[in-house]
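What follows is a group of structures, each given as structure tokens.
The same subunit A turns up in both complexes below, where it pairs with subunit B and then with subunit C.
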Partner chain A sequence: MSEAHKYVWEGSVPLQIHLHQSEVTTLPPPPPALVLAPRIGYLPLLMSLLKPHFSSALPPGVDTIWFEYKGLPLKWYIPTGVLFDLLCMEPERPWNLTVHFRGYPSNLLLPCEGEDSVKWSFINSLKEAAYVINGNCKNVMNMSQPDQVELWRSVFSGNLDSYRRVSSKLKLGTFEDEYMENINSVSTKSQQSTEETESAGQVKTGRVPVRLYLWTVSEDFDDFEDAPQIDNWDKVSYINRPVEIHKDDGKYFSLNDAVKSLLPEFFPETSFVNEVDGSINQSTGEEGENTLDPVPSFHPHDNAEIKLVRIQGIEPKLEIPFSWVVNNLMNPEYFLHMCVCLKVSEAKAVQ
Partner chain B sequence: MKVLASSSSSSSKLFLSLSPLSAPPTTHHPPGMDIIIPWDGSLSSTDFYLSASAFSHNWKISNPSLPPWLWLPSPKHSFLSSHKVEGYLSLENMCFIKLTEEQESNRNLTSKQESDHDVSLGEEEEEERFDYATLVQSDCHDVNHYDFHIVYSPSYRVPVLYFRAYHSDGQPLSLNEIEKDLPAHSSKLRSESKWTFITDEEHPYLNRPWFKLHPCGTSDWMKLLFHGDPSSSKNGFVTEQYLVSWFSVIGQVVGLKVPLGMLDTVVASHS
Partner chain C sequence: MAKACCKTQEEIASEAIKHALKALRKRHFLEEAAHAPAFQALSRPFVSQGSEWKEKVENLQVELQQCYKAQSRLSEQLVVEVAEARASKASIQEKETAIADLQKELTEVREENSHLKLDLEQKIKELEVVMSENSELKAQLEQMTAKAKNAEAENKMLIDRWMLEKMKDAERLNEANALYEEMVERLRASGLEQLARQQVDGIVRRSEEGAEFFLESNIPSTCKYRLNAHEGGCAAILFEYNSSKLITGGQDRSVKVWDTNTGSLSSNLQGCLGSVLDLTITHDNRSVIAASSSNNLYVWDVNSGRVRHTLTGHTDKVCAVDVSKVSSRHVVSAAYDRTIKVWDLVKGYCSNTIIFHSNCNALSFSMDGQTIFSGHVDGNLRLWDIQTGKLLSEVAGHSLAVTSISLSRNGNVVLTSGRDNVHNLFDVRSLEVCGTLRAAGNRVASNWSRSCISPDDNHVAAGSADGSVYIWSISKGDIVSTLKEHTSSVLSCRWSGIGKPLASADKNGIVCLWT
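Entry: the complex of A and B
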């Protein structure tokens, strides 16, 4: 696989972790812990490093670890690198997080029973990705116990060689990377599925597992430092929809095409969503802001503008082929996590 | 919906049009069936919406005394709501009551008509069930309240059941507490596959922790369900029937049953 893959696996976020003051029982309070957290890892996995550091300061009780950034409890099942890309628009190094071992906000966060929870969240995501790619998740379900353990250990410890060895057995392959010819074959596959599947046993549907984290701003900013802070998860739209690779006119399918196809609400004219009924007004995107809208609540965001697409800490050019992005920048559970900021003009930001 | 005649080619076309991107092969070939139907048991989001409307309508007719299933448009992004089909079905505030001895007679009244057909329920004496007779009362003390949502999963392209439960005082129930309310067969399954049967999952629209029944096998058994049904292989797959059939299986897991009347309605309207 690619060199980019290696960079992704070696990528980490420097964290400076403070124990929340309500849990400090010693004087002086313990110094913050400095940790290099793998981008593809998950915050609760830092428990074994953080517990010894803070244990002497903790009040008596049962430990349930959770983290917050500027008062926002962090979702543990989102990879650490994605949290950083999403919540730290202007990258802060080290990233200052607060750790809690008590008072788990179970109304906001999914319960986390340590490594097992994280592992199963990972495996279930992998299953979901396999389903999106192959139309079934048998290869993941039928993974042998030792393979399952090795796969998880490889992610846990960032061992790319070991990961490649086991994950290749899942036959999830990569997405066709030779842009034109292969993309054409993808589009014909769905029609041929009956014949092909008999011989191939599985078929690539041309669907790509994507998790997109979207937030919108109404005012422009030149500097990320001036960008509004995400202080509430309700400000982030989590879009868990596969991207369907479509091809027109022999052009390659770009990252730009992919983002827009996931957000037909903002980019109706580029919508590839063919299963949506007539209520989506395909033509309003043209120019007339004042054209009559058949659906009263629908305001076409024809002024929506992609302000930022951040994947694995980088902001790739929107023209690059989407298949390259997926193959090189996906996470180990085969999902591509994209943080997308849209600028939507004030008048149209109906919230 | 127009029902197709026996021509196999035209019925295949119908299946394809219902899920244009369906890929997986039909691995299950019932003996004596030489027609391979390339339907993978999944549903498009538009069909989900249609099926949900039919399901909700059917439910209301067949269960006038029960709370209705309502279609809720996606509340998360009102600014993203250009899709009419973006939303989910919701049945909230079902009360779950543990039956006492004296309530047994009531129970017999409500379940008698179904007893012949109900295999899994009624086997265990102790089995706890929803008592439909008490469902709509507002003064449910010491009972557990359940909210059920049916949400479409674009990844699996099937409906997924999300639920949560809370005590009368609003305190949420843990999965272990919920398990005591579940039918015995579900508790057993849960103990066997703790992480892959019912899991904690964030509600895709509400952004809060809910429980979810894992959908990874859904399309497979939906496929079997329709293949095993002679009328469906004759008449073609009917979108409206999807959720009723789906729920007749899924509902059992959480102890919610599809009243037979509903299945009758479906059969009657398509035979």
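Entry: the complex of A and C
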């Protein structure tokens, strides 16, 4: 277990959750709930903490929990940490969210039936990831019920050890850059550290499941505070393409490379023409989210400027080896979630 | 070159990795490390409090249930109590109304009672009154019956007495008849006697000393002269012995001598300092002595008209004076200082003083000059011895003051007049009353009104307050004449020694001479 893994698993976003005014029936209104939400967790899972806190103030009726930030209803299948990284340019600690228990905006959000919905979404993502990695999701589907339960439990409760135990059975391996062989040796079973050089275990080069959240700005900004607020999901384009780790002689595959490979339309000079097929959002046969983003246009642009790449709450240097990023910063469902902000000279290409 | 690149790339890579780790660490510190403890701390009390509150709530709910149960029990009780209270209130109300009624009845009955009491009292009072009246009437009845009895007895007794008296009367009548017969006899006899005496007396008288002067005094009837003698009143008049000269003294302090034949003033004796209250003249007609209100006596010599003596010693007005008929030396005077003084004219001073508690109004010497007759305010006549000044005898003459003493010519009878309008004649020797003279209109005018006996000792003349002069006959005992001329009270009457005239003086100072 690497240090980075620990930080990733233990990472929590401090939330100050306010009950929406329209749902307050007591005087005085209930104080906001202060919770630490795991980055790798999902907002609906906080129900068990929030419900007792706010139950006294709620109007009578059936509770369906949903969250919003500054008027923007939050998609529940996106991990909490990602939402935070995406929507708070300047990290707001604690992050002020508004919780609703009524009036679920079915026109904007997918229905969520509580923990089970989240769990199934997680499993689906896991299957998707397995497919990307192995070409099939047999290992996931063949997972025993108790293993499934425990896997979810470990994710739910943030138990890294228990997770490792179960996930290792999936044999999804790690990702390795050929080049990095000398630097990083990877073993599915052994701990991974950036300094270790071990004999190679099971090394894969291949496709990395990535979910990229992109928004563009036309104007430059220096401080994140000045960054334009994302007030509409339409402003965010959701790119669900795997990344092929290419070996380049003399050069390892960096994060920068990965981003550019994912966004050829913004970086037309890149030679990763093969990634163009990523324009088609991969939709696995399993149940999954409907991507709401339209197909990005093929208009060639001038090179956009990468303003921000945020993964797990940090902005790694773009030179960082992508393989390290993947191995250390991926979510439990084996996806790497990245938030990218590009400055584009033209009017917004992605609407 | 590739290796160099790789090296540099290695470095770059490891640097980037380090940076990433650093960033992760930093984020950790900023996010969960910073907030976890606070959130925990905040949540714990909520959580624990939540459970506490839950417990409390449960307990309170249990209590509340119990309270509800108790409340329901109490409200049941309350309902019961309220019903009972209402019932008792109703009964109280009834009782109160009953009480009010009873009180009303009670007051009414009390009123009746008081009325009845009042009535009863009234009746009792009336009854008492009636009973007392009854008892009074009973008593009266008894009295009446007793009176009646007494009256009957008296009646009986009176009848008896009357019978007795009648019998006595019859007896007396018999006696009277007998006496009458006797008296007729006597009268016949005395008539003869008197006739004889008179004749004898006349003879005798003529043979007595001074018989030449004797004249039959007649009863005067007319006023010969009316003299305005003195201003203010004339109280003292006096005839000279055996003469018709009249001496008068009055309020005007003068003593005048009149000739009564002519009615003219002969002389006027001056020198008296006060009103002349009484006059007397010596037997030889030489000296006139006047008693004055100035506490003095004045002695004039008639011929010269000068005052010979002034006798002082009295401390009050001198109201009576007399001179001895024998010696002409002794003068006696009485004053209102309760004294009677005897003066010696030769010596010129008082030789004796008699003090008596009752003032003397009138004086007279006896014929022998040894005894003084005095008439006093207490109505008594007294006799004094001139030498010793001792009281010889005393006799009650009048019921009021004696105003006049005058001796009869023969000296046997003294006439006293009193304020009781009675004129008494006393026998000198026995001091018994031998005659009493009265008259209906005769009122003695003053304490010093002087009356006199006629020279024939048969008549008395006295003045009256009504201005008339009454003349009585001694033998007849009755008025024989009333002389009216004066217009005011007659104070003094004097009969001349020669029989006429009679002089009277009144309060206005007028002197009438009657013949």
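Heads up, the rule we're going with is that the second predicted complex is superposed on the first by the 288 of 351 C-alpha atoms of A that agree within 3 Å, B and C clash if a C-alpha of one lies under 4 Å from a C-alpha of the other, contacts with A are read in each partner's own complex, and residues count from 1 in each chain.
Definition applied: a contact is a pair of C-beta atoms (placed from the backbone, for glycine too) under 8 Å apart; a residue touches a chain by one contact, two chains touch by 3 or more.
A quick note: this is a predicted structure, and the numbers were derived from the prediction, not measured.
Undergrad: Where does A:Tyr252 make contact in the superposed view: on subunit B (first), on subunit C (second), on both, or on neither?
TA: Touch status of A:Tyr252: second partner only.
Undergrad: Between subunit B (first) and subunit C (second), which does A:Glu219 come into contact with in this model arrangement: first, second, both, or neither?
TA: Neither: A:Glu219 stays clear of subunit B and subunit C.
Undergrad: Check whether A:Tyr7 is in contact with subunit B, with subunit C, with both or with neither, and answer first, second, both or neither.
TA: Only subunit C is touched by A:Tyr7; subunit B is not.
Undergrad: Could you look at A:Glu315 and tell me whether it touches subunit B, subunit C, both or neither (first, second, both, neither)?
TA: second
Undergrad: State whether A:Lys127 touches subunit B only (first), subunit C only (second), both chains, or neither.
TA: first
Undergrad: Which partner reaches more residues of subunit A, subunit B or subunit C?
TA: B
Undergrad: Please work out whether A:Pro268 is in contact with subunit B alone, subunit C alone, both, or neither, and reply first, second, both or neither.
TA: Only subunit B; A:Pro268 stays clear of subunit C.
Undergrad: Looking at the overlay, what does A:Cys137 touch: subunit B (first), subunit C (second), both, or neither?
TA: First partner only, subunit B.
Undergrad: Please write out, lowest number first, the residues of subunit A touched by both subunit B and subunit C across the two complexes.
TA: The answer is residues 194 of subunit A.
Undergrad: If we count contacts the way the header does, which residues on subunit A are in touch with subunit C in the complex?
TA: Touching subunit C: residues 3-4, 7-8, 10-14, 34-36, 49, 52-53, 91, 93-94, 179-180, 183, 194-195, 249-252, 254, 312-317, 319-321, 324-325, 328-329 of subunit A.
Undergrad: What residues of subunit A sit close enough to touch subunit B in their complex?
TA: Its residues touching subunit B are 75, 106-111, 116-117, 120, 123-124, 127-129, 131-132, 134-137, 141, 189-190, 193-194, 197-198, 201-207, 209, 216, 233-234, 237-238, 240-242, 244, 263-265, 268, 274-277, 279-281, 295, 297-301, 344, 349-351.
Undergrad: Could you pull out which subunit C residues touch subunit A in their complex?
TA: 1-2, 5-6, 9-10, 12-21, 23-28, 30-32, 34-36, 38-39, 42-43, 46, 50
Undergrad: Show which residues of subunit B lie in contact with subunit A when the two form their complex.
TA: 12, 20-25, 36, 38, 40, 44-46, 76-85, 154-156, 172, 195-196, 199-202, 204, 207-209, 214, 216, 220
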